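Read from first to last, the chains carry the letters A, B, C and D; within each, the first residue is number 1.
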Amino acid sequence: MIDSKKPVLEVTGIHKAFPGVKALSDAGLRLFPGEVHTLMGQNGAGKSTLIKVLTGVYQPDAGSIVLEGRAIQPRSTQDAQNLGISTVYQEVNLCPNLSVAENIFIGRYPRRFGMVDWRSMRSQATALLARLEIHVDVSKPLADYPLAIQQMVAIARALNTESRVLILDEPTSSLDEAEVQMLFSVLRRLREEGMAILFVTHFLDQTYAISDRITVMRNGEREGEYACADLSRLALVNKMIGAPADAEHAAETAGAGEVNEHGEVFLRARGIARKGVLSPVDLEIRRGELLGLAGLLGSGRTETARLLFGADKADSGSFDIDGKQVSFSNPRDAIAQGIGFCSEDRKHEGAILALSVRENLILALQARQGIFRAIPFKRQQQLATDYVKWLGIKTASIETPIGTLSGGNQQKVLLARWLATDPRLMILDEPTRGIDVRAKQEIMDYVSNLCRKGMSILFISSELPEVLRVSDRMVVMRDRKACGEYQRGELDETSVLHVIAGETA
Amino acid sequence: MSAVATGTRGVTSAPWFTSLVTVVLLVAMLGIGGSVYPGFLSLQVIFNLLIDNAFLLVIAVGMGFVILAGGIDLSVGSVLALSTMISAWLLQHAHWPPVAVVALVLLLGACFGGAMGAIIHLFKLQPFIVTLAGMFLARGLCYLISVESITIDDPVFTAMSQTQVPILGGFLSPGAIIALVVLLVAIWLAHFTAFGRAVYAVGGNEQSAAMMGLNVGRTKVLVYALSGFCAALGGVLFAFYMLSGYGLHGQGTELDAIAAVVIGGTLLTGGYGYIAGALSGVLVLGAIQTLIAFDGTLSSWWTKIVIGALLFVFCVVQRVMGGRSKQ
Amino acid sequence: MSTTGATVKPSAQAAASRAALLQHPLVRPLGALVALLLVDAFLVPGFFHLEVKEGHLYGAIIDILNRAAPLMLAALGMTLVIATRGIDISVGAVVALSGTVSAMLIGGSEPTTPMALALAASLGVALLCGLWNGVLVAGIKLQPIVATLILMVAGRGLAQLLTDGQIVTVYYEPFFFLGSGYLAGLPFSLFVVAAVFAVTLLLVKKTALGLFIQAVGINPVAARLAGLRTATLITFVYVFCSACAGLAGMLITSNIKSADANNAGLLLELDAILAVTLGGTSLAGGKFSLVGSMIGALIIQTLTYTIYSLGVPPEVNMVVKSIVVFVVCISQSSEFKNILRRSA
Amino acid sequence: AKPLTIGFSQVGAESEWRTANTASIKDAAKKAAVNLKFADAQQQQQNQVKAIRSFIAQRVDVIAFSPVVETGWETVLREAKNAKIPVILTDRAVKVTDPSLYVSFIGSDFVEEGRRAGRWLLEYAKKNGDKPLNIVELQGTTGAAPAIDRKNGFAEVIGANPKLKVIRSQTADFTRAKGKEVMEAFLKSEGKKINVLYAHNDDMAIGAIQAIEEAGLKPGKDIIIISIDGVKGAFEAMKAGKLNVTVECNPLLGPTLIQTAQDVVAGKPVPKRIVVNEGVFPAEVAAKELPNRKY
């Protein structure tokens, strides 16, 4: 029935090559009014690039873009916006120095007597965010808020237009379940109003929850376009990978296996706290244990991790490592004790964009070795090549700047950065952000394996099923303090949700 | 960014707090001067700060926009000199009417800045290098007009130079009043117009600004044009002030202007700060000089050392009390 | 998962590597230098003429190299500072200060202090200056430009204070070797530059210093989280920059056999920054090229020399210089090539 | 009675000459028990204006200054006049429409210095068989008054002899380092053709002497060197036979200035123009004169 309508946006035969990489070859897409269309594909399949071509960030080498029957050639994002395409890009592209309200309204301010009307801007912004269940002080700079809030601001900005087409590139990768539901209800309403929505995600659940149709991309090509109802999960994954995937169902359902035997306590934190950010938290991690940290946005998980890593200094409380008291005043101290930390904000706190994959990958290891014991170049290449292979990082070469990698592949490089230091405790804050289904499972397997070999892991994820599946033990946080601790198997998803939400289960 | 900010939330991290610290320090400095040197704390001395630094204030305002947009403009001192030179030549040798002279000079300044901005944007060159070349060019053009200084005796300019506008028992020069008006307009421009906000956005993150659909190129060209305009206006005020055109006028003004903007609390990396900070920065620099002039016992080298020391004390106290760690 | 999906085919690879060679960041500054030298070859008679005079080479090229030595040193130090997204405008003041200290300590025809000690002392002063800058930038977190502005103003004052504003003339012959002596027919200053350059290059390439500096320059937050000592690194680059400036000061003092606290190294910081940017290093920090900065310094010195030997009237100096800088920069930009290609 | 207060605004400390000038004024003030307010303008006219304004605000008895540049003083001098504070200029004159804005000008005449240098060369040419001589000139900072005047004065005089030709003229910013650098370039491009060097100050000449020596030539013999200022270094060079003549520009204005200021305040008439004693010192007198040099 959809096919009887005319597509609002039709893209065909797009080619786009970067030096050394053919990102898109004959990629295409059809978008109808009043549908949510999901674009799926492995990391580096070309999804973000296609979106950037559509919205004027990149100029295609060949191909046509037809919007409402008219061929268009957007030369800049501004062009695209004027044509009625509004976009949330994969990496948050907002101005950290401006207030939340401005980030939503910049370029189309409410005006009074020709001047920017700050009052009405603030109230409109507050209202807009409230629709997404975000209640923040919109006059504070964006940089004051954690990544998830920034992501919601970016979404709010995109929603606030008269556009016919809305494009969202992995908007949910740093959102928790509740936020995602909020977003989806807004998207459903927009769909009803006849907007065409293009949505990118790696979460199969989300895909099936919201989309009408799916386009699968593989290696820069359009693999095919399917009605959501006609495509089973297994078939979808097969099409993305391009080969039958038998283990796929396991990824979705099965747990990581038997409970590990744990050694003695590796790290014990007592009453660590930081004024205004985190109330005193006690935490204990054993050797070879995978400790999950669950909670809603802003529940204080990231802050806990930062204190454990010495990225921020605790105002009070103390740490023991191997029974000996230590204190961290900066990350170096923690690293010296064998702790690694993979931050949730890869653009600002992880990737060093202009440096190569190899350089990014060895950075932490080299930092631990010190300046003068340079890792021999051969060894660096060896390390980089190995991890690129093990983690399936898609890159033209190990000398490519990391900034040109797709989001998911950047994330893998950062993971490799810490794995290369062979840490005793690895803190993973949303490590699977933006990583495709298959890779996610591979990475989690890899990590659990390390765990079995004696490495401890603190795992933070907004994906509750994932946390439940992999953790040996789980701590739930709420309102910036720990509010419960559960052994594996003690809880199921619904009861945890109750705990998280603050209703005693 | 967000990581750093996590640690320093609260009152002391608010940008206005830094500005407040600056103002308090400035008042303290004047107070100390007043208690040590007789005659220092007269209203006229404070007004003289404005009169003597009117041109610097205007230039710092233009520079403020450039720095907020993440750029830098080294050509302002030379554009100032060139403007005095062109004004003097047109008035004295070509006998143009003063209004036409001022209009032309302002237009030229804006075009000069705009051209540099266009080069920076079109060829993706570094502002430092382009405006440095612009600095050589403008200074060189002065010498092409004349190596010697030219006295201006045009009655309008002389009147602008010698009129004293009585205010509160003291007086201000027309130049100082123009500078204050420019400051007010600039504050309005920065905070209440789409252009001003685009400047902040571009300075905060140029790539993001482009992704958000702002016209980065136009903003950058306009910012440099504005700075060129301000430099030319600074030149006109300087010509009012000195009644002469000279190729060596205003040497090192670019550094003074940058210092004023930065001391006023603006980050050189762009995006953070207030245009109004230019005023406090200029007053701080002026107050340091006035303190030294009132002291009157320092040798040339002690003058430099004391300026350095005062700058040091000021910046460190400002930094420690204002405590903003965004870098 | 395949990693080969998007790699290029081998046949295209040869062409790509040829293109990559032309894309090499040093091609453009080098091209500009060659172009300037060509202009000289045509317009300045005997420009490339070299003769042996009093046992050493003598000619315009040697002059340029010799004169560029202090600038090259300053540019080396400045490169590392800029790579960390900083800037050091106190270079000129440090030149004056260290030059003055060495001249005063060495003094008359019989040095009052042993020369080695005097040189060590003036280098020490430079190191202190660098430490001061470094602490202000990395410790107190002042913005680099204001932090170094303080020393820029006060440093020259200190130098003048030491000399009472007088020019200190040195009469001790062995000291002159540093700035105007010759070794193997070449100016000794070149060997100084070469040594510093080699040491820096070694540090940057053979240790992790280069990587760390770039990381700090591009993303200081991420660098800290990866475990780098960002503050120490930043302090180090300022110390290094001042040390280079100190050496430059000694070369200049030795070359003109006197220390002029008022004028030595005046505006050298601007030239050094210009050299660094001409060499292809971005002021936004990150990737840097030491060789590029050397070439940048040579471009500037060649240009100055060309202006002198062409008999350009002094009034026009600045205009000529600015036009050359504009032309060099614009012709170097990749956008310019695109525009050419589009119009062709 | 209350001691006399003089506000003095100096250009800066850009050269030895200037330092000697400052020292002379400070010494003289101390000797005469005059209260001297000294302000250094760091080469910037606006700083001088600010200093003069602050002198007015402090109600000093006399204001004196060495103008950075000749133009642009009307307004602030009028303010001084309105405040009834007499103004004395030193070292350099100003161009104002109303000469009553200052009471006296003490100092040298840069054009005359250039002329003297030129006259010495005319003499020299005459004595040495009136051969054609090629001159290179090292100018001071472009646009600076001494540079312009010394160039013009020199050119005016040597114009009388068509055999004297300036073949190269370039600025060397009044510094040794630049003097040496520019001279090196001259030597490479003009080589043996150069007979005479005229430098606008001694520092540049001293720098150039080094360049000439390094080129294997004998300064003072192969190339005749004329310079201006008469600082100690120049006398040493002359003694060593490397410099032929320096035209004195006397920086020791202190005693005259203080005396004049006292006279003005006492109501005595003072001359509008006070010329200080200045000589031309050829190499022959250098050895005898050197011990007398104070700076």
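Here are some notes:
Everything below uses one rule, namely that a contact is a pair of C-beta atoms (placed from the backbone, for glycine too) under 8 Å apart; a residue touches a chain by one contact, two chains touch by 3 or more.
Chain-to-protein mapping (UniProt): A = Sugar ABC transporter ATP-binding protein; B = Sugar ABC transporter permease YjfF; C = ABC transporter permease.
It should be emphasised that the depicted structure is a prediction, and the values quoted were computed from it without experimental measurement.
Ranked by how far their CA centres sit from the centre of chain C, the chains are topped by A. Centres computed as Cα averages put chain A at a distance of 71 Å from chain D.
Chain centres here are Cα means. That of chain B falls 29 Å from that of chain C. Chain B and chain D have centres, each the mean of its CA atoms, that are 34 Å apart. Taking each chain's centre as the average of its CA atoms, chain C and chain D sit 34 Å apart. In chain D, the residues that touch at least two other chains are 13, 19, 22, 142.
Shared interface positions of chain C, i.e. residues touching 2 or more other chains, are given as 160, 165, 221, 225, 314-315, 317. Listed for chain A are residues 311, 343, 348-349, each touching two or more other chains.
Which chains touch which is summed up as A-B, A-C, B-C, B-D, C-D. Interface residues of chain B facing chain D in the complex, by the touch rule stated above, are 37-39, 42, 44-45, 48, 51-52, 55, 142-143, 147-151, 153, 158, 161-162, 238, 241-252, 286, 289-290, 292-294, 296-301, 303-304. Those residues of chain A whose C-beta lies close enough to touch chain B in the complex are 57, 76-78, 80-81, 89, 93-98, 102-103, 106-107, 109, 115-116, 141, 143-147, 150, 157, 276-277, 303, 306, 311-313, 343, 345, 348-349. In the complex of the two chains, the chain C residues touching chain A come out as 1-3, 5-8, 16, 206-209, 211-212, 214-215, 218-219, 221-229, 286-287.
Of all the residues in chain A, the ones that touch chain C in their complex are 19-23, 42, 44, 219-220, 309, 311, 330-332, 335, 341, 343, 348-355, 359, 363-364, 366-372, 374-375, 388-389, 392-397, 417, 438-439. Looking at the complex, you find that chain C touches chain D at residues 44-46, 53-54, 58-60, 63, 67, 160, 164-167, 169, 180, 252, 255-258, 260, 262-264, 266, 304-305, 308-309, 311-315, 317.
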